[in-house]
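Look for chain A in each of the two complexes below; its partner is chain B in the first and chain C in the second.
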Partner chain A sequence: MLIVLVTGLAIGSLYAMMGLVYNVMYSTSKVLSMTTGHLAMLGAVFGAWFMGGLGWPIWLGLPAAAAVGAAFGLLTDVVAIRRVITRSNEHLWLLSTLAVATMVQQAVGLWWGTEPRPFPRLVPQDPAGALDQKYWLPIVLVLLMAAGLGLFYRKTMFGKVFVAMSEDAFAARARGIATNRVRAMSYVISGALGAVAGFATGQLTYAFFAVGTLLTLNGFVALAVGGLGSNMGALVGGWALGIISMVASHYFGGEYQQTIAIGLLMLALLVRPQGIFGTRQVRAV
Partner chain B sequence: MTASSPWRGALPRLAGGLALILLPLVVSNQYHLHLASLIGAFWILVAGLNLVVGYTGQLSVGHVGLLAIGSYTFAILAGKHGWDPILTTVVAGLVCGLCGFLVGLPSLRLPEFYFAMSTLAFGLIVTELAVARTELTGGGVGLPAPFFPGPLGTPSGFYWLILAAAGLVTWLTWNVTRFMWGRSLVAIRDSPVAAASVGVPVFRAKLTVFVFSGVTAGVAGALFSSLQSYITPDTFHFELSLFFFVSIIIGGRGSILGPFVGTAVLTALPELVAPLAKLGTFFYGLLLLLVVLLVPEGVGRLVQRVIAALRPPVVEHHAIRPDLDRLRAALRAGARR
Partner chain C sequence: MAKRFFGISPLVCLTTLAAGLLAGAPAQAQQPIKIGWLSSLTGPLSSAAIAENQGVQFAVEEINKAGGVLGRKIELITRDTASDPTKSVNFAQQLAFSEKVDFIIGPVNSGEALPAIPVIARAGIPNLIIGTLDELTDAQKYPRAFRVINTNTQWITGAQGYALDVLKRRKVALFGDTTGYGTATQRQAASFLEKAGIKPAYQVLLDPNKADLTDDMNKAKAAGADVIMPWSAATGLLARILNARGDMKWDVPVVGHPAVMALPIKKLLTKPEYWDNVYAAGYKSTTYDASGKVPQRTQALVDAIRPKLGGEIDFTFWWVALGYDCVHVIAHAVKTGGSTDPAALQKALETTPYAGVYGNYRWSATNHNGFPDGDIVVNRANSFKEGSFAIAPGAR
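Presenting the complex of A and B:
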């Protein structure tokens, strides 16, 4: 039972990190990108390639995987967001990010192969059951990430610009903020964070090309339950989702994970549409 | 496709329909006929989905789930329990309509991205359950699906059956889009708030259309499984859903011919051009991206625009001739009063 809880917490941490990545992109562009989960997939696949295939040490492999994620984040912004977001509010960004997500998934599938491959161990540690590194790495990382983002938003000039843009991008632009450049920056940051998240959880998810869609979905469920735009909500939602789905699949069998996740989402949206930590949106008239 | 005269452009439509009916007599290659039947089965689903995605603007990316339910209903009832295949096709449509209702009831209330995510999740859940409920669906091994009896079991007979069903569905959707219903759907797509303010029952219209698309998906699923003759959960991968979605977006939202051409081209191209088959879904993603970036209205609209640019504009002369007799009569009547 302990191992079930710890697994749930670790997987939930991955979902929570996906929620944080959603939030970083959402803050500057009001876009929920379908590529979110694929960032983690890239981190895991490239991490496995750099460290397992090419035999690089971790101090080289981790920054390199993060750089791949950051580059893909920038690419997403340039290709799928920049031109689309200036158009009317027809939600074209949903289609363009879906297209980019599909392309990256298939490209990785063609290049890397469609079988999941093992991810190398990151820290020298003997296999230790519930205290193994594949469980505590994501849990520690999500706390670091949430705390780091909190500090970034509150203490740095750049972070305050992010907050300003999330409040009102138009007003921020009027105050002389280069909104296009800030948005690109947020996509780079989110790409790096997503790739690091995938890198740290690689030993749980394996280096598998198709894991992205599931993470996009589950990260979104975590965020919707916790409250869109709230980092605290992403943490709580992610952990709740991870633990509930793990405990439930322990009792009912692992085949029903998605069913449980979406059931949780529907329940949460029925009871509290704006999420636990979300703020109520004004009606769009 | 104007509402004013349904007979405008009837000739090319009749010719196209006749060509489709005569196709099995012309095509000697069995594989090409199978491909044509496959396009027809997919089109039955896409025609229904087109009302949801193209007209109402609800981005449902999970219709593969409904297709799977239709297919399994057919394979289980007609295959395992020996029901009459034609009756089972109708039952599959009804079952999927019910599923569409149950899915649409909560998810259609959600905003755009939430709705897309719920339908995505629905598609994944159905595949998950198809693998899990081994005693019902055969699990990963799959199920055989029976052929239709008698002359309908032959390749050309089955093609004609699919053609008849596709024609019926196309006619239904065409009727919906031409009249008040279609207008209200377009209004919901362009601005739900404005549509609600002029008395369009937004939620009920969305739900009705979604249920209809469920029925067509069920019928398509039944025909699809009989066409494939064997179904496994792997048949209904998420990329298939993307394929339906992309053929509508590429063909052009708010048209019927566009998505039809999109379905036909996207089904046939990877089969006929070998290098594209290897790229597969990557190619769909690339097409979707290009269309969204370059022609968000769809290729159909682009073609219309090119035709309009090539054809010299018709200048009509309106000579204004006052009807002097009536004017005189009116003046006289006014003077008398």
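Presenting the complex of A and C:
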């Protein structure tokens, strides 16, 4: 049972990181980008290519993979967000981000191939059962990422600008904040974070072109359960989803894994639509 | 003047008609034989299709260079279905009704073939099937659809025979995946075991992207399993089974789907020795004999196609041989039938066998599965060399 919990915690950490990435983008744009899981896919694929294919060391491979994610984040903002949210109040960003996600997945499939490929070991360690790096790396990283984002929002001027935009983008703009630039920066940061998440969990997911869609979905489920906009919510939601999926698979078989995940989302939305740590939105009339 | 004109005109007409017919006959003879090639050259199921495409393209080039079939060149019309069943149906319709092809090869996997085959059958176009699900052929419902590849039943019975009769194992752990193919195949394997009087010690369906299978392997071990039989084509899942087994230091044999021998698996293994004691259903045509040689027809194709493949064969060669055979089966049917008339092609395939590289095919009016049971063998997974494998210990 220990291995079930450890695996659930590790995979839940990946979902939680996807939730954090959603939050960063959502804070400045109010968009839930369908490219979120694909950022992790890019991190795993490019990390495997840089380190496994080109033989780069980790100190070069990791920032390079993060840079690829950051570039894709910026591209997402330019191609799928900027024009769409300024010209339409409808949720057309759902379609535009889905289109970008589909295109990047197809492009990676054509270039990288459609079979999963190995991700190199990041730390010198023999296979160590439940203490193996493929489990503890994502768990450690998600804690660092959540703590880092917390400090960023509270202690840096740029982070406070993110918070200001999150609360009222129009008021922030009225006070002279270049909201377009801030939003673009949030997509760059989230791109880098998503890619680092994929890099750290590459040994679990392999470098596989089609893993993005699943991560987009499960990251969203984690966030919906935990509460949109809450980093603590993303953590709790991600871990809950990961552990429940693995326990369900242990007791009922793998065919119920996704059913459980979606069932959890439905239940959470019915019982507490704002999520565990979310705040109820009140619209002044 | 008018009388003279009318007197000559019938003669002129007849002469013109005769000249037209004489000129038209060779023109028709020179019309190409149009083959539609429905293949998933991109998308998640593209690996095998890309290899098959090498064989198809090579066979077309080879036949055309030799002057074609009955003096007619082959024109290959390729459509990439991108592993999408909807596209395969649309392209099947396009090939049948717009391109008016004489023959269709594909689609190349069962998921795409299931909806496309009825469409091709309704158009009356002869069709070569490259999907293993048993339901794909039916001589009554689809009288012009002929399977070139083996059936799922042949893979399962081949692997199961090895596990039960050669390795003498009785406590089987059956692993499948949650795709339509994985689920159906695991069910089929369970029913075959039941017929042999064996109830699986453990069986499970797994999400193909499940990140870790240690728990499932622990449960199989706790259930007393003495052989693991995975029925999935997902290389990631198969590699995770082998990695979990290796990390547990559990030396239980793994016998199952041919995908467990695919080269991408080797790259996904934590240690190379995790591929030891792994066996899968394979083919006589791509199996080395005791003297380390593959059958002569296979070697001839390997030698001929090697320059096209850049000198190195780093994928399972049976896919190339299968693609190559598909084109030659069509050439054989056209030669035997004397034309591209669909009824003549059907009769030709139902009444004459064809000895190919991948297999020795024999179809009949009631059985459109042409691949013989005897051409299936069990291979040792870690013996890959130049696209072929060694036979498993004790297998025949």
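Everything below uses one rule, namely that the second predicted complex is superposed on the first by the 282 of 285 C-alpha atoms of A that agree within 3 Å, B and C clash if a C-alpha of one lies under 4 Å from a C-alpha of the other, contacts with A are read in each partner's own complex, and residues count from 1 in each chain.
Here, contacts are C-beta pairs under 8 Å (C-beta built on N, C-alpha and C of every residue); 3 or more make two chains touch, one makes a residue touch a chain.
Given the structure is predicted, the values throughout are model-derived calculations rather than measurements.
**Q** Using the superposition on chain A, tell me whether chain B and chain C clash or fit.
**A** Aligned through their shared chain, the two binders clash on chain A.
**Q** What's your read, chain B or chain C touching more residues of chain A?
**A** B
**Q** So, A:L269: does it touch chain B (first), chain C (second), both, or neither?
**A** A:L269 sits against chain B, while chain C stays out of touch.
**Q** For A:P116, using the defined touch cut-off, is the partner it touches chain B, chain C, both, or neither? Pick first, second, both or neither.
**A** second
**Q** Quick one: classify A:P127 as touching chain B (first), chain C (second), both or neither.
**A** Second partner only, chain C.
**Q** Touching A:V4 in the superposition: chain B (first), chain C (second), both, neither?
**A** In the superposition, A:V4 contacts chain C only.
**Q** With both complexes overlaid on chain A, does A:L214 touch chain B (first), chain C (second), both or neither?
**A** both
**Q** After superposition on the shared chain, which partner residues are touched by A:L241: those of chain B (first), chain C (second), both, or neither?
**A** Neither chain B nor chain C is touched by A:L241.
**Q** Which partner does A:E255 reach: the first (chain B), the second (chain C), both, or neither?
**A** It touches chain B and chain C both.
**Q** Could you say whether A:A99 touches chain B, chain C, both of them, or neither, answering first, second, both or neither?
**A** Only chain B is touched by A:A99; chain C is not.
**Q** Tell me which of 4-12, 112-120, 238-246 or 256-264 in chain C produces the clash with chain B after alignment on chain A.
**A** The answer is stretch 112-120.
**Q** Would you mind listing the overlap between the chain B footprint and the chain C footprint on chain A?
**A** Chain A residues touching both partners: 106, 110, 214, 253, 255, 257-258.
**Q** Spell out the residues on chain A that touch chain B in their complex, using ranges where they run on.
**A** 32, 79-80, 83-84, 87, 90-92, 94-96, 98-103, 105-107, 110, 213-214, 217, 220-221, 224, 253, 255-259, 261-262, 265-266, 269-270, 284-285
**Q** Taking the complex as given, what residues does chain C use to touch chain A?
**A** 42-47, 177-178, 183, 204-207, 209-212, 214-216, 218-219, 235-236, 239, 246-247, 262, 264, 267-268, 270
**Q** Give the list of chain A residues in touch with chain C in this complex.
**A** 3-4, 7, 10-11, 106, 109-110, 113-118, 127, 129, 134, 201, 204-206, 208, 210-211, 214, 246, 249-250, 253-255, 257-258
**Q** With touch defined as at the start, can you tell me which chain B residues reach chain A in the complex?
**A** Counting only chain B, the residues touching chain A are 57, 59, 61, 106, 110, 112-114, 116-118, 120-122, 124-125, 128-129, 131-132, 193, 238-239, 242, 249, 278-282, 284-286, 288-289, 292-293, 296.
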